[in-house]
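As structure tokens, here come the structures.
There are two complexes below, and they share subunit A, which is joined by subunit B in the first and by subunit C in the second.
Let's look at the complex of A and B:
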């Protein structure tokens, strides 16, 4: 037996654990599919539904999309998409502003180990609290509309933004601050010339990334009453009006793709 | 734009670079004015009533009039069936969707498929698919298989589609960061592309991929409540059935969902630490 073969034989038998793990994973999937019954008559309909879905894109309601031919501009889907975009924009801005103090509270560099624990637990709670429940409570408590949407997205964003901001602050290079200290800079000057130039580009990049997520979730949260075009998606869902849904989807696709492209291009430039 | 020219004490002159933060601020302010106008238009005629918030919170998180706290908490165990349905949909959807995402992710990676006209269109289609909101994916799934008889199939399909989009994107970004030296080494021994992927790519992404699966599962459980707004039975259905009438039951559902999210978060933190 060659040496290499001996070495191969000596390798830990990882495949047994992997096999058991995979079998368990798949068995559990099969178990969860138990409740997934389907009416056999329904199966024959599937091609027609798919056809209806794609036909929706051929029958796009241009007047409703752009607001002409009896539709006012402020009733049009483009206008509602802009409203959704505005909610995402202000929500992200609010989230970023709220996240800065919380991030400092959660940063070991700034407040020390013990206080940073408090800050990070607070951030985990915000992150884990489902956005939809937050939207539900705020819509019931404050009323339907864009302002509520902005608040929901703003508060929920603090969880992720605060965590990433705190990491940025913690990973900051201390040598430039020490250099400023050595030439006798005061506290404010240290922040202005030592800290801000290091963390601002990264924080802007993180915020842009979150803007992309927030615009997407603003389209969904509208269903609960948080403003924008999301509400139309549920209104026309039962029975599905594919032409209207396709029209709304075209607006959403254009909006999200533009935000996605702009945000990723800007982020490439920042880093 | 004139640059500030400073003369130092030693007689040399330097140009102070233009600070790009002003461009960022200007863009944010202009966008803020435009979007602010739109929000203002929408908010006219809508009554903002913050005094309602404490009332709603009290209704949600205290027993119904004439009932005790024991009654309030006795309702939560009754939700176990709908909770199990929700978790089943999320689990099945997450695992199937993640598995489906692997081939798409490989096809969209710049370093595996070196032909631009393959990964370019693959990425574009994936990004287009990812723009579809989860509520619309749910409407499509319901249209396809129906929700008769309390079947969870439509929910599972909706979550599968959603997971597929999110996961494929995260995966191809991950695959593009791997070390390609082993891939080339294995290819140079005469291995096929598939063999090279099997022995060079998969071992490198395995741990992170498992972490992503847990992360997406967590995300799916948190957002499953929205599916009830288009008719799929989940924890969110309780929130909808009893809104206006029995806020205490809604409160129970909220506590349960939050509790489950916390448990999943704790488990996933543990699992991710083990994986690293």
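Let's look at the complex of A and C:
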């Protein structure tokens, strides 16, 4: 047998793993379908609901952007959209601030392999804990409002931000720190000139990306009482007021698009 | 003046990198340290600014014994010694100007430097250093946008901005192409002559060492086996330093 053929034999047998995954996936789909019974009456309604939804777009209620009867400006769609935006923004800021110490705890470079495991596990727990459950808990405990939304988003964001921050710290180039040491810099000066210029732009970029995600989830979380625009989705969907729902949709799309554009433009600048 | 008295270095894994080195390097000299990879060149060079602490013996810089100094005194020592690395060691995401300005951080208290505040003289000094190396026009470019040769010049400008009396260079041209190598070595020669700064450089290529340095220190297995003028180096001495005859292309550094 040629050497190359021997080496070929030693290649990892990926197909076994692939097969296992495929079988598991099919089993999961079958299992899920079995559990759900489909109500034919409801299925027949789907086209009508979709039609009603789009008809809503035809007669969008522009004045609702600025206020509803009896509740003028304070509860307008624009006001609540700005509230959602602020919840997303301050939630992200809180998340980024909380993520920094956790990231250092999860960085092998800083605390060593073993302690970093502890930090990573903590981050995994935060990441997998469903945001919506956290929101239910905090709404129950702290009441309905923006502060609750900010806390939910802040805490939940730590999972992803902390992980990506830790990676940034671990991929840091140590050679410039060595140069600063040779120049006679003290500890804080090394951090200021050797570490921050490397990690700050990347961390800001990661945070902006997260802001994108958070503005979207701030909208949904509002529906269960975490402040902002989402509450209108609950109020006007039972029974559905399609014209108002469409107006809210337009506001959400505009908001998400603006945040998306601004954040990606800023990120381009940073990297 | 640098003086090694029976300097030994044993790493924590037991490797004896320096086995009793005795040397004296005078102000204004251009010294090249040559030897095989692993001979102890970097250890010798880095012990001078205490980036690597020695295990025993004495090391004097201007008659101050440095193995006992630490903290502020150590930082004052380091700020008076420039250091050049094989891979330039610039802060890649920072502008050339800001990189060069970091040559001054050792001269100021923490607080102003944390806010990026430097006196006007420092800023002028940084720009003068860039000018001296012919890269003033790159001052506001990000460091990682420059070629290798230009980056090494930025590193040299950073060292000059320290107003050092001595520059240590660990394989300064090992990652540069032959043409840039000559340009950067010319810069070293100019800095040595014009500013009177002592240069101690680890060199990979014997021919470059002989061309630029006035004095050669040959080191083998942690022992200084040759110390003399470049003009005194001959075939037999190279055999002693490298343990074998060099092939023609090795001498030429191709």
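Basically, the second predicted complex is superposed on the first by the 218 of 271 C-alpha atoms of A that agree within 3 Å, B and C clash if a C-alpha of one lies under 4 Å from a C-alpha of the other, contacts with A are read in each partner's own complex, and residues count from 1 in each chain.
The rule is short, and it goes like this: a residue touches a chain if its C-beta (ideal position, glycine included) is under 8 Å from a C-beta of that chain, and two chains touch if they have at least 3 such contacts.
As the structure is a computational prediction, the values presented were derived from the model and not from experiment.
In the overlay built on the shared chain, the residue A:194 is in contact with subunit C alone; subunit B does not reach it.
Look at A:38: by the touch rule set out above, it reaches subunit B but stays clear of subunit C. In the superposed model, A:11 lies in contact with neither subunit B nor subunit C. Once the two complexes are laid over each other on the shared chain, residue contacts for A:227 go to subunit B alone; subunit C is not touched.
Residue by residue along subunit A, subunit B and subunit C are tallied for touches, and B comes out ahead. When both complexes are overlaid on chain A, the residue A:58 reaches neither subunit B nor subunit C. Contact with subunit C, but none with subunit B, is seen for A:185 once the two complexes are overlaid on the shared chain. Residue ranges of subunit B in contact with subunit A, taken from their complex: 21, 24, 28, 31-32, 35-36, 38-39, 41-43, 46-50, 52-57, 60, 85, 88-89, 91-92, 95-96, 127-128, 130-136, 139-140, 142-146, 148-153, 156, 222-223, 225-226, 229-231, 236, 239, 243, 254, 257-258, 261-262, 265. Of all residues in subunit A, those touching subunit B in their complex are 25, 28-29, 31-33, 35-39, 42, 46, 49-50, 52-53, 74, 79, 82-83, 85-87, 89-90, 93, 124, 128-133, 136-138, 140-147, 150, 200, 204, 216, 219-220, 223-224, 227, 230, 233-234, 237-238, 240, 245, 249, 252-253, 256-257, 260.
Per the touch definition, subunit C reaches subunit A in the complex via residues 49, 51, 75-81, 83, 85, 87-94, 98, 102-103, 105-107, 110, 113-114, 155, 158, 162. By the touch rule above, subunit A contacts subunit C in their complex via residues 173, 175-176, 178-186, 188-189, 192-194, 197-198, 201.
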